[in-house]
Amino acid sequence: MTPLPSVLLEPLVRAALVEDLGRAGDITTDALVAPDTRARAAFVARQPGIIAGMDLAALAFRLVDPAVTLDVRRPDGAAVQPGDVIGHIEGPARAILTGERVALNFLGHLSGIATATAAIATAIAHTRARITCTRKTTPGLRMVEKYAVRCGGGANHRFGLDDAILIKDNHIAISGGIAPALARARAHAGHLVKIEIEVDTLAQLAQVLEIGADAVLLDNMGPALLAEAVRMVAGRAITEASGGIDLASAASVAESGVDLLSAGWLTHSAHVLDIGLDI
Amino acid sequence: MTPLPSVLLEPLVRAALVEDLGRAGDITTDALVAPDTRARAAFVARQPGIIAGMDLAALAFRLVDPAVTLDVRRPDGAAVQPGDVIGHIEGPARAILTGERVALNFLGHLSGIATATAAIATAIAHTRARITCTRKTTPGLRMVEKYAVRCGGGANHRFGLDDAILIKDNHIAISGGIAPALARARAHAGHLVKIEIEVDTLAQLAQVLEIGADAVLLDNMGPALLAEAVRMVAGRAITEASGGIDLASAASVAESGVDLLSAGWLTHSAHVLDIGLDI
Amino acid sequence: MTPLPSVLLEPLVRAALVEDLGRAGDITTDALVAPDTRARAAFVARQPGIIAGMDLAALAFRLVDPAVTLDVRRPDGAAVQPGDVIGHIEGPARAILTGERVALNFLGHLSGIATATAAIATAIAHTRARITCTRKTTPGLRMVEKYAVRCGGGANHRFGLDDAILIKDNHIAISGGIAPALARARAHAGHLVKIEIEVDTLAQLAQVLEIGADAVLLDNMGPALLAEAVRMVAGRAITEASGGIDLASAASVAESGVDLLSAGWLTHSAHVLDIGLDI
Amino acid sequence: MTPLPSVLLEPLVRAALVEDLGRAGDITTDALVAPDTRARAAFVARQPGIIAGMDLAALAFRLVDPAVTLDVRRPDGAAVQPGDVIGHIEGPARAILTGERVALNFLGHLSGIATATAAIATAIAHTRARITCTRKTTPGLRMVEKYAVRCGGGANHRFGLDDAILIKDNHIAISGGIAPALARARAHAGHLVKIEIEVDTLAQLAQVLEIGADAVLLDNMGPALLAEAVRMVAGRAITEASGGIDLASAASVAESGVDLLSAGWLTHSAHVLDIGLDI
Amino acid sequence: MTPLPSVLLEPLVRAALVEDLGRAGDITTDALVAPDTRARAAFVARQPGIIAGMDLAALAFRLVDPAVTLDVRRPDGAAVQPGDVIGHIEGPARAILTGERVALNFLGHLSGIATATAAIATAIAHTRARITCTRKTTPGLRMVEKYAVRCGGGANHRFGLDDAILIKDNHIAISGGIAPALARARAHAGHLVKIEIEVDTLAQLAQVLEIGADAVLLDNMGPALLAEAVRMVAGRAITEASGGIDLASAASVAESGVDLLSAGWLTHSAHVLDIGLDI
Amino acid sequence: MTPLPSVLLEPLVRAALVEDLGRAGDITTDALVAPDTRARAAFVARQPGIIAGMDLAALAFRLVDPAVTLDVRRPDGAAVQPGDVIGHIEGPARAILTGERVALNFLGHLSGIATATAAIATAIAHTRARITCTRKTTPGLRMVEKYAVRCGGGANHRFGLDDAILIKDNHIAISGGIAPALARARAHAGHLVKIEIEVDTLAQLAQVLEIGADAVLLDNMGPALLAEAVRMVAGRAITEASGGIDLASAASVAESGVDLLSAGWLTHSAHVLDIGLDI
């Protein structure tokens, strides 16, 4: 998994540490642990899953004390089983205890997203479809949540309102229909900007195909309708199915032949992956 | 619910908007919607739940365009049923479409936390116990996630490493036992700082009670053991049960007589509350 | 011209004011001008050109004193002739004198870019080509410089390293050739990410066309070679000509039939548009 | 050339990298280049000029990856000819490709300013005059643009509204004349704050000399008038000529005997110096 | 003294350096001192006192130039006499001269607070009372000023409005009396939040004791009245005396038997400790 | 007194509020005061002094709640006697109680500096000397502390290392003497940058006068020696006396005929002015 450069990650970790350390630091550890005590600890998986966020975890310790070292055993993107050691850290005990929660908050949250993504990816591995995320992300964490989706084997959708055009039902309604909406979008889009449009019916899809679009978002269609839509598209656009995609439904949706399944819950409602720090 | 002052909320919403608007703004809306188009929309609940985050949602629109007005019908802390209108917004259509996702990302995330909290609170309403959160929060959002817990009828635990002492098993081990740990904690704590200590057994609890502490965290004890612990404490300390608290277990844990149930998943793994913006 | 939301512009203007006001504010104006003096002033064009940046100019005054009002006569994207009044401002004389330089620095710089862009756009208006910018922008100002290009009638290229794939000669060399480079790019690109690849020769172009790409960057080819390349592409990819595009060469390059001309100097070396503030 | 401390430069480079890396990083390089590939590259001048900004360029790479090393051959202030190697960089190929554009954007922009400054400085080297910049700088970059002027052999004018008094025509008009303007300025200025005043005519200059000022800005006077003004001043104030100073006019203006020539275009309209990174 | 983690200190020092270096850096040193000149210097106490702030002083130099090393002889919390060397620094002469004032501004200010605190602590050492600070701190420096109080042997009061409840006279008045105020406070306070209430009379104190509170602030009572109050409290609450505590009055106030003396002037009006940097 | 623009003040007040409100806001007021309670309060002087900082105080309330209004009766620079009402505020009781401490921390600190400055200014009013501050300011507050000195009738010295040259003893030693130091300074200084040099003896002063400087800092000389120095200077440079200036010594120092007295304690050790907020 290609890591994000630390110039992008550092501000997130600094803010999280400031949030946790407040105005007095870790008063428990400072009171109880002598400054020269050293410790060794292991990040251990308590659940099966996929790891994401080790760079952020490492930064959480290093920004408290550069003397902490992290030896990664399961890098981002690796699968773990309960009991697996993800990495060893070693250094001043105070720094390890102080940085622990911020490290685990990042690691658990992002590994949870990677794990949820991987579960869907596995369920649809026999199809041509890939699982992708949405803009339904946690405020402030989009960059790293999208990264966690990649760690889980998923693909990324738009990163923001600015890097692709996605015409939704409200846009169509305000624009006066699919045709004028697509025309205006095409007129304004830069040459490296793709256009995707949401359709709810095959009739709408037919309209879109007549005009052309890079991708169509087939919203809330059942597998049979999706399969029909895929046939209609016939490779002229990327097809994305959305609405109600979960572990139970993913395979049958993917078997319709669509290119992509998208699911907001990967980033907004995935459970954290339970990871502990054993000292 | 006492709102947080906007001097605290504004930086979060500004950052979320910058994250979503990127370097070109909302290129779809800008291409498709005329600047003078006005719109009216309603936040509508699609699930039963408890609302939290309306101030953040309102800021998301107002910071895009101050001309957007939000008329709140169900304020933070209110219960909603599917179909309930939470608030009406009105103003330039562009601003409403552009601010929608950031508004919903905050509102859904925080209402999800409030809803999860309220479910537990309801389940234990016949007992003296209250549900409380932990420091297992989403990096960058602790302040508002803790606020959402309050909206759901929960109580707040520590806000950071700096505002209370919480002695955990690792601290005890490094300190050489419960007695020296409590002694050092007491020696360092300011007069307005409370001390809580984690115990795993009744033997440890007995040691704590001999020395005294403001609160004891009874970790991973079953209801019967908890009841025994509560009897031993006999009002001399606040009792908090943690470990495996969920909707199924909460009532039996609370019926043990403890003062508090704490659960990290309220803030790190609650599902978003499904809320839509109907234009 | 669709304005950028002020939540994106405000930080730029605040930083520019802080940079100019330093630690003591405008000591000349404070010493010489009584606080209750009011003034009226006009932004007047001293050269023909295209306006860009009026929102930033307005913010420069309003952030010094909200009592200053700006009445825009020539909005962003409008053409002006020497002597044309672009807008009137009115308010406390101190704020007008204090905000003047920051306002003009933004307005002159961005209008200069818009003017340069428009000159090329006019020169190639008889062709199907459009003029586009690059990532050769002034550090910190990319968002508004790209906006200024749009004001001048140009199109935007990538906004950063993250929103499209552009495979350059160095990438090809390190990847071991065009084929593996395109294959890896396609394997990694999200479904809304387009792929453009630079070619220097028709032989390279032939390779690209065999594999397929969304766009080809035809680097440093003369008009004749470009025309041949356009014929080869035959509509299968967007064609972009780069290298040595200026006002003298633009028409002949565009007449080759390419879709786009790109020029870094629009954003990094355009002359400011000379605009004065007449009080 | 005395470098600026990196505590001042780092925020600029971090912001520029964040601006370019966006929310996904360098997706082209990450897709195409293996993480363990190393590269060596050289900054090579493609035009004659003066270098400025090597510290910023070095930071651009180091903040992407500290493993990149830069061996500077032509430090800031040095003259280069086409083909000259300015510095060698070596390190992970990814970091070199990812940091390249930000490094070159700073280096080209600042070297362009240094080069323009040096051209004027050379043209007036036979006189006692020096070339100086103004507050007509690019928003956010004043500190480094003023530094680039120094690299080119120029002198710096005011850094902001707060570090010297410069009384312009509007100030004089609002103050009721030169005498009251100078009197108020003198009364308010700290003992280390100099006072400069703009004059358009010899009559105004006579008034100023009667009262006294540290410097006079002789605006839009031709060489003959300037020479007359210099004679009138007779060393009692620093003389600065402004208005229409360019490479063609500089020598004749300087030969009038003035101390300083000032030109806004050095910082707002200089062409970038064309520098390439050859890998 | 447990140091604050540098992730908390660095932003303060960076801001102070930017404030002092402005837009051109240290123009005196840059003009006069050759870049390769090295220097050795010693922080020397010119007054007796207690040291606080060495980490901030060290950062002030290191952020100007990482090549500066600081060898601490008297760490934070240590007592010094006039002439004592607190630490030696060595490195490039420019960096030492440039960082000197920021380093001394932090060190003198915080050591002044530590020294004032220690003076009171010494004066009351024969009693059970401790000296504590308030929220009357210098804006922006609360975290480090509270740390300096700890260095001087004092205890910390609340760090902000959010980490403890302190019911003052205005709150009581608006709440309709002590009883409703305490009731509401108790109902809202988290289980780790203590409640303190201000009383001006013994009658008020009796009311408080009837209901219970963690601490009582005995405001502006003389020693005799305080002694009576302590007797009334009889260990049921922490007792804090405030109002007019200074070096002259501290002992007699403390001898009343109160637990705490609080004084705002420790943080808002302590004299700096005179420390020089001898090169 | 010319106020600083709020674009400069707002960041300071926002940071101070965030520092005080922490992660939960004002939990006391929120628990005790109903949201619709309104209050009226008065800033009342408890000591004689000079006011500085009313704009910051007003911002402290307005940033908590824009509904708070402040009616200023004694603006910055005005003298107050005990009991004088400085301003009335009115608005939501919660906002008034929540903003009170931040408002008073700014107001007390800056009024303390203004008051100390005014005391010296009064003591030397019969002379030609003025009192001025130094760079010995509180980190982060230099801009407003220098402003407070102006409110007290004092003059400002340098604002940073970058806006004037001040050659101190260490610079002279490293430069190899007064002559080379002044020569290098003159060679590097911009035309609006003044040069001041510190001398300890009349012999050094003679050397300086031979070469010329804008100002001389006469360090630690008694009144007689100062008078001799002033005679030697004979108006050829501004004379500044420093070292041991306090209320007792100021008049005799000023009577020596120097232009300026400088004192670091004005900004680093002045007592706060005691101001209360009576509700």
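Which chain is which? They are A, B, C, D, E and F, in the order written, and residues in each are numbered from 1.
Keep in mind that, in the parts below, a residue touches a chain if its C-beta (ideal position, glycine included) is under 8 Å from a C-beta of that chain, and two chains touch if they have at least 3 such contacts.
Since we're looking at a predicted model, the values are computed, not measured.
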Neighbouring chains shared between chain B and chain E, ordered by label: A, C, D, F
Partner chains that chain C and chain D have in common: A, B, E, F
Same vs different contact residues, chain C with chain F, by half of numbers used: different
Chain pair repeating B-E, as identified from D-F, C-D or B-F when over half of the contact pairs by residue number coincide: D-F
Rounded Å distance, chain A centre to chain C centre (Cα mean): 32
Chain A and chain E: spacing of chain centres that average the CA atoms, whole Å: 44
Chain centre separation in whole Å, for chain E relative to chain C (CA means): 51
Multi-partner residues of chain D (each touching 2 or more other chains): 19, 21-25, 30, 98, 142-143, 156, 159-160, 162-163, 166, 193
Topology of the chain contact graph, where touching chains are joined (line, ring, star, complete, other): complete
Residues of chain E touching chain B in the complex: 132, 155-159, 162-164, 166, 190-194, 196, 214-215, 238, 240, 259-260
Of chain A, residues touching chain F in the complex: 19, 22-23
Contacting residues of chain C [partner chain D, same complex]: 12-13, 15-16, 19-33, 37, 39, 93, 97-98, 101-102, 104-106, 108-109, 112, 135-143, 159-163, 165-168, 170-171, 173-175, 181, 184-185, 187-189, 193, 265, 268-272, 279
Contact footprint of chain D on chain A as seen in their complex: 2, 4-5, 7-8, 142-143, 146, 156, 159-160, 163
Residue ranges of chain D touching chain A (in the complex, touch as defined): 14, 17-18, 21-25, 30, 35, 63-65, 95, 98
